[in-house]
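In what follows, chain A forms one complex with chain B and a second complex with chain C.
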Partner chain A sequence: MSERMQQRLRYLAFLVISILLAFGIGAIVLAVTDHEPLAAYKAMFQGAFSAPRHIGDVLEYAMVLALCGLACDLGSRVGIFNVGGEGQLLLGAIVACQVGVWLKGSPTWLVMVLAALAAIVVGGVYAFIPGVLKVKVKVNEVITTIMLNTVAALLCSYLVKGPWQSSSKYVTAGTEKLNAQYWFGGLIKGSKLSTAIFAAAVIAFFIWYVMQRTSRGYEMKLIGQNPRFARFSGLRNDTVVILCMTISGAICGLVGMFRVYGAEHIFKSGISNDYYFEGLMVAMIARYQPLTTILLSLFFAALKIGAEGMQASAGVSNHIYLIIQTIIIFFMAAESGIFTAIENRRMQKAARRAALARREGGTDNE
Partner chain B sequence: MNDILGRIFSAGTFQQMLRSATPVALAAIGGSMTEHAGIMNIGMDGMILMGAFFAVLGSFLFQSAMAGLALTLGVGLIVGLFFALLVVKFKSDEFIIGCALNTFALGLTGYLSDSVFGASGAKGNPSLLVVRLPFLRKIPFIGTVLNGQSILVWVTVVLMVIMWVFVYKTPHGFWLRASGEKPETLRTAGISPERMKWIASILCGLFCALAGAYLSLGQLSGTFSKGMSNSRGYIAFACVIFAAAHPGKAYLAALMFGFFDAIGMRLQAYVSSELTQMIPYIITILMMIYVVVRQNNRRRAPRKLQGMAKS
Partner chain C sequence: MSEPVVEFRHISMQFPGVLANDDISLTVNKGEVFALVGENGAGKSTLMNLLYGIYTPTGGEIYIRGRRVERYNPKYAIDQGVGMVHQHFMLVPSFTAAQNIVMRKEPKKLGLFYDNAEAIRQTRALVEEYGLEVDPTEKVADLSVGLQQRVEILKALYRGADILILDEPTAVLTPQETDELFAVLRRIVAEKQMTVILITHKLGEVMAISDRVGVMRKGRLVNVKNTSEVDQRQIASMMVGRPVLYEALEKTGTPGELRIEVAHLRCLDERGLPAVRDLSLSVRSGEVLGIAAVEGNGQSELIEAIAGMQHIESGSVKICGKDVTNRSPAEIRAAGLAHVPEDRLATGLSAEASVGENLLTGRQREKRFRKAFDFLDRSSVARYAGELYERFDIRGAGVDAAAGDMSGGNMQKVVIAREFNFDTPVLIIAQPTRGVDVGAIEFIHSRIIEKRNAGCAILLCSADLDEVFRLSDRIVTIYEGRVTGEFVTDQVTREEVGYYMTGAREVAQ
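What follows is the complex of A and B.
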């Protein structure tokens, strides 16, 4: 067995064990709070898969998670960590929505193209700033993007209460609703799934292809893992890093546009509840591998939608899914550490046994 | 214009400033410890949230605010240990753990709040002592600002001074700083940097628990609502960065955030509070750029001097 294969198997085994353990701990939490764990998990499964509209919601959320996760993959591949996706997503969403509101009456294709472009530009610029600061000034991008997230959230909250506020009295903090002609077509009745998922699939395939199957992708890896070597082999590290960060932000902005034009048809507070952070955690569990990110997105989307169904049908708080999800992350993040600790203990034990054996049986051997 | 200035510099503003600043300052002092130990801790928001919840839970279960405080400090200790176990012992990515910790806290407190208190949340449980001193009331401006604040506001100032002395004037503080800056040198000196990192994490857990307790038992009377930390952990993180992990400066930075928060509330009739609240974040980013640029220039300066000497 090749070493790579072995590594993959180890990863897979650890992932499965982590998931099982997380569900186990989740069951304990459920049991302690007077819920039947098996019944709750059954309700969770049904909440995700029992009806077409549930499956539609799972796919819609998986799309959001996968794109956010891929945006994170893209940055971390070249060694820059985009934590600002939440802000980029929010700004992309609100600007795209406002484009639709302003251009009311224009042809559908024009509005949608312009909205997508606006979201891409806004998201991209909002990631470009921390990208440049990181590369040119060496300011830690994690900190700046976290600050910019809050700035973006405050800005959106200002806009929906002030200049861009809806005139409808039924919307307290939100923009005008989009005209139905501009929406992505719904695919399953009663679910949030829309044709936006096809666009998302194309983008996801493209990112996977570039990262895994082209020499550009290999160069990115080189820059991320060994920046000095990459520089000496003639790669323009700085440009690539800034570019990846900008594209990462542009994708997040586009996710915002998909959320507005595909699912919500309005910009309000529910457009994203830290969705980017959840996507980021999926990417982390997937070790920043694009394909694994996409597959795990489906799993975690099912978990979340299932938990919402469970809350409705079994009366169990849907927050349980956050607990299960983060326990998986704790295990996965500590994987190599746990392995080293076990290894160390085993070696220590072996050494102690050997020392004991030498001391006790010393006369026999020598 | 005078009206606006009058509103900004009124006693009410400064009273509100202390209220907004205290939880942030507590968390920022804790965050300064992990920052000195070389751990980038963005999990403070989750730590605060758990602190707020378990304070109310203790207060609710035992009908005593002190029991709530004790319970939340116990949980803070466990959270700090857990954080250190993952980050220091298992060497996991501190950033991922921080992110996950925030989400975990949201899930755990949300779930337990639903299970224990039901949909309406916890309200009206015993809260912490409010300090009202008769002699303070007689002083015009300061009396209004300082009187009627929670005891934790005063405790925070004391703790800030203690931690300041701890970090800069005691051997343990020296080792703590060394564990982040020059861990190998510290190890050569016979002191385990890992141990200092464990201590820093535990301290941070305790301080964030206090910050949470202030939110739920100090500011409001024994109330918990989901996600009530409301990104204060990130504000505290900004303060830590702004203050370069100096407890005293972190306290001042928290006051600055509190000030902008307060004038946001006071000036709602004139400017949107969101816009005033944005200012400190932008200042923090500018501050970081300034600090890094200054560092870079300093590093370059000797080389310039060498060049001059040669020519």
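What follows is the complex of A and C.
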């Protein structure tokens, strides 16, 4: 137990150090580019927390990051890396949106349930394909999912400029706008936060519970750690891996539906700007631990929304957010290497000292 | 008066987290066979790797013929006359014996072109000089393991070695090959005044060949004795640091019904070549059937095929009367099989998971651990794991520590505890004590016999022939994927089994 506690503390310490270093390097970049670092960071903080609507936006973005990150956690727990969440999200969003367009006039509950189901199915199927290819014919899932992302993005851009294009002349590349009766209710005026966050919270809890507390979650972990041992012990690895990948895709699809029905109310290219990849980075930093993923999502959402506020108020490019995020990832990735190097040196020194002490104390004369 | 050839002075070697050698001072003399014994992880191989220059010691110095070793790399060591034959041979399989032997010091025509005829001639001369019979023109891939080992020794001699280190040389040899190797070693020591350092954990061999024996324990050299002044039991006690009792294993009961039936089995190995060829065997309840085979003769594939980890091309496997040919491990376990695999780290456990989780595996869906909403009850798991931990005498940092951080012997106990506790009618055990220390071997052996006496049908596979003889009621020898002989243990000698293991003799089936 104490060893695990130690590991957690070490992780936390490295996380805090990485974040501080990242902000430090970010400050140097700001200073070099003729900005006042402290003022910029202050603007960033205010951009995230100074008004209820900012906080609402932070929560909405945290929801997206957390669900995407958890979808990634789910795959990596069983040893499959879903890099295709972006495509699954886009397809889920566009199909869910089109369901709402087609069923205009139907009861609200029916449209929302069908839209959610459609998003789940489309996202799930889109992840099922690379999942099966990986398990049955050993095709690397990273390559297939990345390529399927491009396919999905191109398909969406075709649909919004072709068959599903809006009839409004103000929308050049987008679907019809959703009827307001189908929207998730807004929670904070002026922000994108909607009641979808409650559904997201339930899903997040459910994923955490399954992964961390159930016997199935334990089986998933075994498959990810040592697939051969898992099979040897009687687990059905192939089925579990495909299932986890499919659920991972279904969650991404549902995030797309949340984005459309909660925040944007239309499908256009801005429905996701590589949001899945940002969620994936959060998951990586969180070492694919669900609870850590959720907490770090809040942190990075505040950072991102704050950076946008900073851009507006202090005129500093919000790319500083990307700089800080990638530096944190860099340090976290280097952590184990740095730590082992320090440990090795420490022990070699100890050994030399011990050998010396023995010789001096010994009777042997050279 | 004996003349020192190698001197270790206060040698220490610190690896991350392990002090592999702790202040070792030792002198090895010219013209002697020095046996270095100790349990796995005692630091024997590390000490020899230091002499061969693979590592640089973190403390102390080594002297060869009175000269201090200045640089620690194998080339320097070879120049000083040190040769080492590793456990895993360092040969190019597609080259001939002669080509392997002269490698890195090839005879040249006009100082430029490789001269194969000269290489063969020089190899022949070496073969004659040392009496190590090998055909220089044969490809290494076509040589038996015993002959490959000779090529390794010749390679060291060609480079001018007169200090020869052999790391567990007999692990892959049959009894006959071991005898031949020892005859050769005796000859080169007596006639050429060479020095041989032998790493081993087989005490019988220490007594048979060595002049002196050094015992290592936990990185320290605890004792150096003249072999003639000690017996095996004393050495074993020095190795473990406490008295070792070899209890007689009491076998009771008579074999009952058929539990494992393998008929005309054929399997391919990883490269798609036939590994098991038309093999049949059967095991009854209350008996141990031991497989005696030199490594790589299809026994691993056979065991994995029975357990569902290996595809079966043709033939059938029945467990407790149920046909399980090409079924999944889950179905075969349900039919009544538990399995201790040969490679515990790759197959037997998850190194990252805790000891408790490893002990639980396979039972995670049982009612006592699984509450409503699929909730895994950690406290019942901890209780269950703690109980097994005690019962199987596992020693480590407790059930919450990562399994991969334990010693090999304790990892093996975790696997054995989990698999034995399924209380299945059939057990397959491969290499039960590989890399396990002397103290734990006794424990594992008596657990196996306990299972046998309780009516379990046990198929045992071990590279250690003594172990096969000690535990088995019957023995089958396997050579190149076929059963070459079947014996009742009490009615056969090791030598005879050795002939069948190499295919030199075969019983028509």
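Note that in this section the second predicted complex is superposed on the first by the 340 of 366 C-alpha atoms of A that agree within 3 Å, B and C clash if a C-alpha of one lies under 4 Å from a C-alpha of the other, contacts with A are read in each partner's own complex, and residues count from 1 in each chain.
Operating definition for what follows: contacts are C-beta pairs under 8 Å (C-beta built on N, C-alpha and C of every residue); 3 or more make two chains touch, one makes a residue touch a chain.
Computed from a prediction, not measured in an experiment: that's the story for all the values here.
Trainee: For A:233, select first, second, both or neither according to whether it touches chain B, chain C, the two together, or no partner.
Mentor: After superposing on A, A:233 lies in contact with chain C but is clear of chain B.
Trainee: Is chain A touched at more residues by chain B or by chain C?
Mentor: The partner that reaches more residues of chain A in the superposed model: B.
Trainee: Quick one: is A:298 in contact with chain B, with chain C, with both, or with neither? Answer first, second, both or neither.
Mentor: neither
Trainee: Applying the touch criterion given at the start, work out whether A:343 contacts chain B, chain C, both or neither, answering first, second, both or neither.
Mentor: After superposition on chain A, A:343 lies in contact with chain C alone.
Trainee: Going by the contact rule set out at the top, does A:3 touch chain B (first), chain C (second), both, or neither?
Mentor: After superposition on chain A, A:3 lies in contact with chain C alone.
Trainee: Answer with first, second, both or neither: which of chain B and chain C does A:215 touch in the superposed model?
Mentor: second
Trainee: Quick one: classify A:25 as touching chain B (first), chain C (second), both or neither.
Mentor: It touches nothing on chain B or chain C.
Trainee: Of the two partner chains, chain B (first) and chain C (second), which one does A:225 touch, if any: first, second, both, or neither?
Mentor: After superposing on A, A:225 lies in contact with chain C but is clear of chain B.
Trainee: Chain A residues touched by both chain B and chain C?
Mentor: 340
Trainee: Hey, which residues of chain C end up touching chain A in the complex?
Mentor: 10, 12-14, 16-17, 19, 23, 25, 58-60, 307, 309, 328-330, 333-334, 339, 341, 346-353, 357, 360-362, 364-365, 369-370, 373-376, 397, 400-402
Trainee: With touch defined as at the start, can you tell me which chain B residues reach chain A in the complex?
Mentor: Of all residues in chain B, those touching chain A are 40, 42, 86, 89-93, 95-97, 99-104, 106-108, 110-112, 114-115, 231, 234-235, 237-238, 241, 272, 274-275, 277-278, 281-282, 284-285, 288-289, 292-293, 296.
Trainee: Which bits of chain A are touching chain B when the two form their complex?
Mentor: That would be residues 29, 33-34, 81, 83, 133, 137-140, 142-144, 146-151, 154-155, 157-158, 161-162, 274, 277-278, 280-281, 284, 317, 319-323, 325-327, 329-330, 333-334, 336-338, 340-341 of chain A.
Trainee: Over in the complex, which chain A residues touch chain C? Could you list them?
Mentor: Residue list for chain A touching chain C: 1, 3-4, 209-210, 213-219, 221-222, 225-226, 228-236, 340, 343-344, 347-348, 350-352, 354-356, 358-359, 364.
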